[in-house]
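Below you'll find a set of structures to go through.
Okay, so subunit A shows up in both of these, paired with subunit B first and subunit C after.
And then the complex of A and B:
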């Protein structure tokens, strides 16, 4: 059982805390000779596979590194465009590592605000009166659990679909937030949480949740 | 234990079919607006989920729940989207949605020469059979209140 990541969103929809607890490595490295038998394209400032799924390289995977050197967005480490670089036969054979592109901090901010609006729409489209927003969103590979406090702060946890007692974890995170962020005199409300004790306690809460799945009374 | 409503959207976001059974609250906007809002929300959830997902997913988004209802989502490879809102006691309605697609939509719409694909589903046979099917679901049990 794993917990993938934790997000804290303030009442305005701004991301004030994010922690990646576990990032699965779905990567594939392969050496290619000219011509490249995959079709690559630019997408969201990255180079992604658009056709030619094989050997663990899937459509949608981004180019992570070329010949062992990490790429930066859509250009190689020395600033050349990746697509141009891979068109040149003299650069072959070339070893390319593909994988799911990790989210940049900008993307995380955007996704957090996006969830904030989805949460509100979910409650507006309710067929029953008095509905909250999205509390749990299920996909085949992960479940997203969201807990909104009375003051409008949202705690979001992404976990394995089989992970139990996330509700207890969300309340524990709220408690940690109240104890170590709100009671910290240097913390200003609605602003990003940069408190060492908050980090430490959150990490240990996640560990406990992954192992046992409950916090016991008064923990 | 109840079914609130059902939406069917085509791949372009047009609402082909809508019906409601036990719906207590309207969204407070016109039906057309509501369809657009629903489709827009699903479209955003799909893109949200594909970006947020830590692993490669096959099916993607399946359902979400709030404190009062659960939304079940099923999408065919051709982009047809089936959305059913039920109460929280229904944990999985995928089979029902799959059945609506393969046994009702395909049989009564796709195989019906007078139904033009991409138009609203106004076939009476389809609506009656769908209504019978929904009312026969084990979790369809309109509350007496």
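And then the complex of A and C:
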């Protein structure tokens, strides 16, 4: 049972904390000789496959590393443009690792504020007044659980669909927030949480929840 | 001794004398810094506000109190749960206004003022004004604007300590979604 990530959103819809516990990645690393039979293109500051699928490499996968060294966006680790590098026959044979690109922090910020708006829409659509808002969003590979406090802060956990007792985990994360973020006098409300104790305690809470989840029962 | 109990394994005792001394040191330092009782009262209220906006989350995270439906419920929760949890005392709720928007908390004892006597040159000082700020800040975070003030104070010669709380309005900006 796995908990994938935790998001904390403030009252205005801004992401103030994000932690990726586990990022499952479908990756494929292959050695290629010139010329490259995949068509690559720039997309959103990354180099992605636009045409040509084989051996686990799919359209949309991004270039993650070249010859074992992680790339930085559109350039290799030493600053060369990737597409230029791959056009040069003298650089071959080359080993490239492809995979689903991780979300950048900006993308996460946007998604959090979008969820905040969806949450508000969800409450407005409710036939009864005083709805709790979106509590869960379910897909085949993950469940998103959300808990909004009376003060308007949202705690969001993405977990394996079979993971149990996420409600208890959300309440626990609220307690950890009340302790290690709020009781730190140097932390300003509504701002990004950069408190080590908060990180540490959150990680242990996730570990405990993952182990407990293995024994079934719960929400 | 004040015993602080949490739902989590955190459970420790703090000497209430240390608490009284700490608060006293705070007030006397403010008096030295500002030399003006009105200003000190304001600073205490401000500090209390900053405590209140944080304390409310601790309170909500640990108690299973839900949203109060009306001001009477709020008064009960403040007196019976909040004061009990944080100061170990349970004030009584009395003197409701006819409109139900004002009430008084009567404190028999106040841990902040154990051993304290106000000297003559500090007649206007509201020693425990921090509490007013705490209540104001905490309620603001749950979308309630209130006015809180001491109307009687044993330190200033009254028989009891009385805090008057008045409901001003619901704060409509930035309502959490779902609370119309």
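Please note the rule applied: the second predicted complex is superposed on the first by the 201 of 219 C-alpha atoms of A that agree within 3 Å, B and C clash if a C-alpha of one lies under 4 Å from a C-alpha of the other, contacts with A are read in each partner's own complex, and residues count from 1 in each chain.
As a working rule, a residue touches a chain if its C-beta (ideal position, glycine included) is under 8 Å from a C-beta of that chain, and two chains touch if they have at least 3 such contacts.
Being a predicted model, the structure only gives us computed values, none of them experimental.
Novice: Regarding the shared-chain residue A:11, is it in contact with subunit B (first), subunit C (second), both, or neither?
Specialist: second
Novice: For A:107, select first, second, both or neither according to whether it touches subunit B, subunit C, the two together, or no partner.
Specialist: First partner only.
Novice: Return first, second, both or neither, reflecting whether A:54 touches subunit B, subunit C, both chains, or no partner chain.
Specialist: In the superposition, A:54 touches no partner, neither subunit B nor subunit C.
Novice: Report for A:158: first if it touches subunit B alone, second if subunit C alone, otherwise both or neither.
Specialist: Only subunit B is touched by A:158; subunit C is not.
Novice: Which partner does A:115 contact after superposing on A: first (subunit B), second (subunit C), both, neither?
Specialist: After superposing on A, A:115 lies in contact with subunit B but is clear of subunit C.
Novice: Could you say whether A:137 touches subunit B, subunit C, both of them, or neither, answering first, second, both or neither?
Specialist: first
Novice: Determine, under the contact definition given at the top, whether A:129 touches first (subunit B), second (subunit C), both, or neither.
Specialist: Both partners, subunit B and subunit C.
Novice: So in the superposed three-chain picture, is A:183 touching just subunit B, just subunit C, both, or none of them (first/second/both/neither)?
Specialist: After superposition on chain A, A:183 lies in contact with subunit C alone.
Novice: Tell me which of subunit B and subunit C touches more residues of subunit A.
Specialist: Comparing subunit B with subunit C, the partner touching more subunit A residues is B.
Novice: Just which bits of subunit A does subunit B share with subunit C as contact spots?
Specialist: 122-124, 126, 129-133
Novice: Under the stated contact criterion, what part of subunit C meets subunit A in this complex?
Specialist: 7-8, 53-54, 56-58, 60-62, 66-67, 141-142, 174-180
Novice: So in the complex, the part of subunit A that touches subunit C is made up of which residues?
Specialist: Within the complex, subunit A contacts subunit C at residues 11-12, 119-120, 122-124, 126, 129-133, 148-153, 171, 174-175, 177-179, 182-183, 189.
Novice: Tell me, which parts of subunit A touch subunit B in their complex?
Specialist: Residues 4-5, 22-24, 26, 58, 60-61, 100, 103, 107, 111, 114-115, 117-118, 121-142, 144, 158.
Novice: Help me check something: in the complex, which residues belonging to subunit B touch subunit A?
Specialist: By the definition above, subunit B touches subunit A via 4-5, 20, 22-25, 27-28, 34, 37-38, 40-41, 44-45, 48-69, 71, 85, 87.
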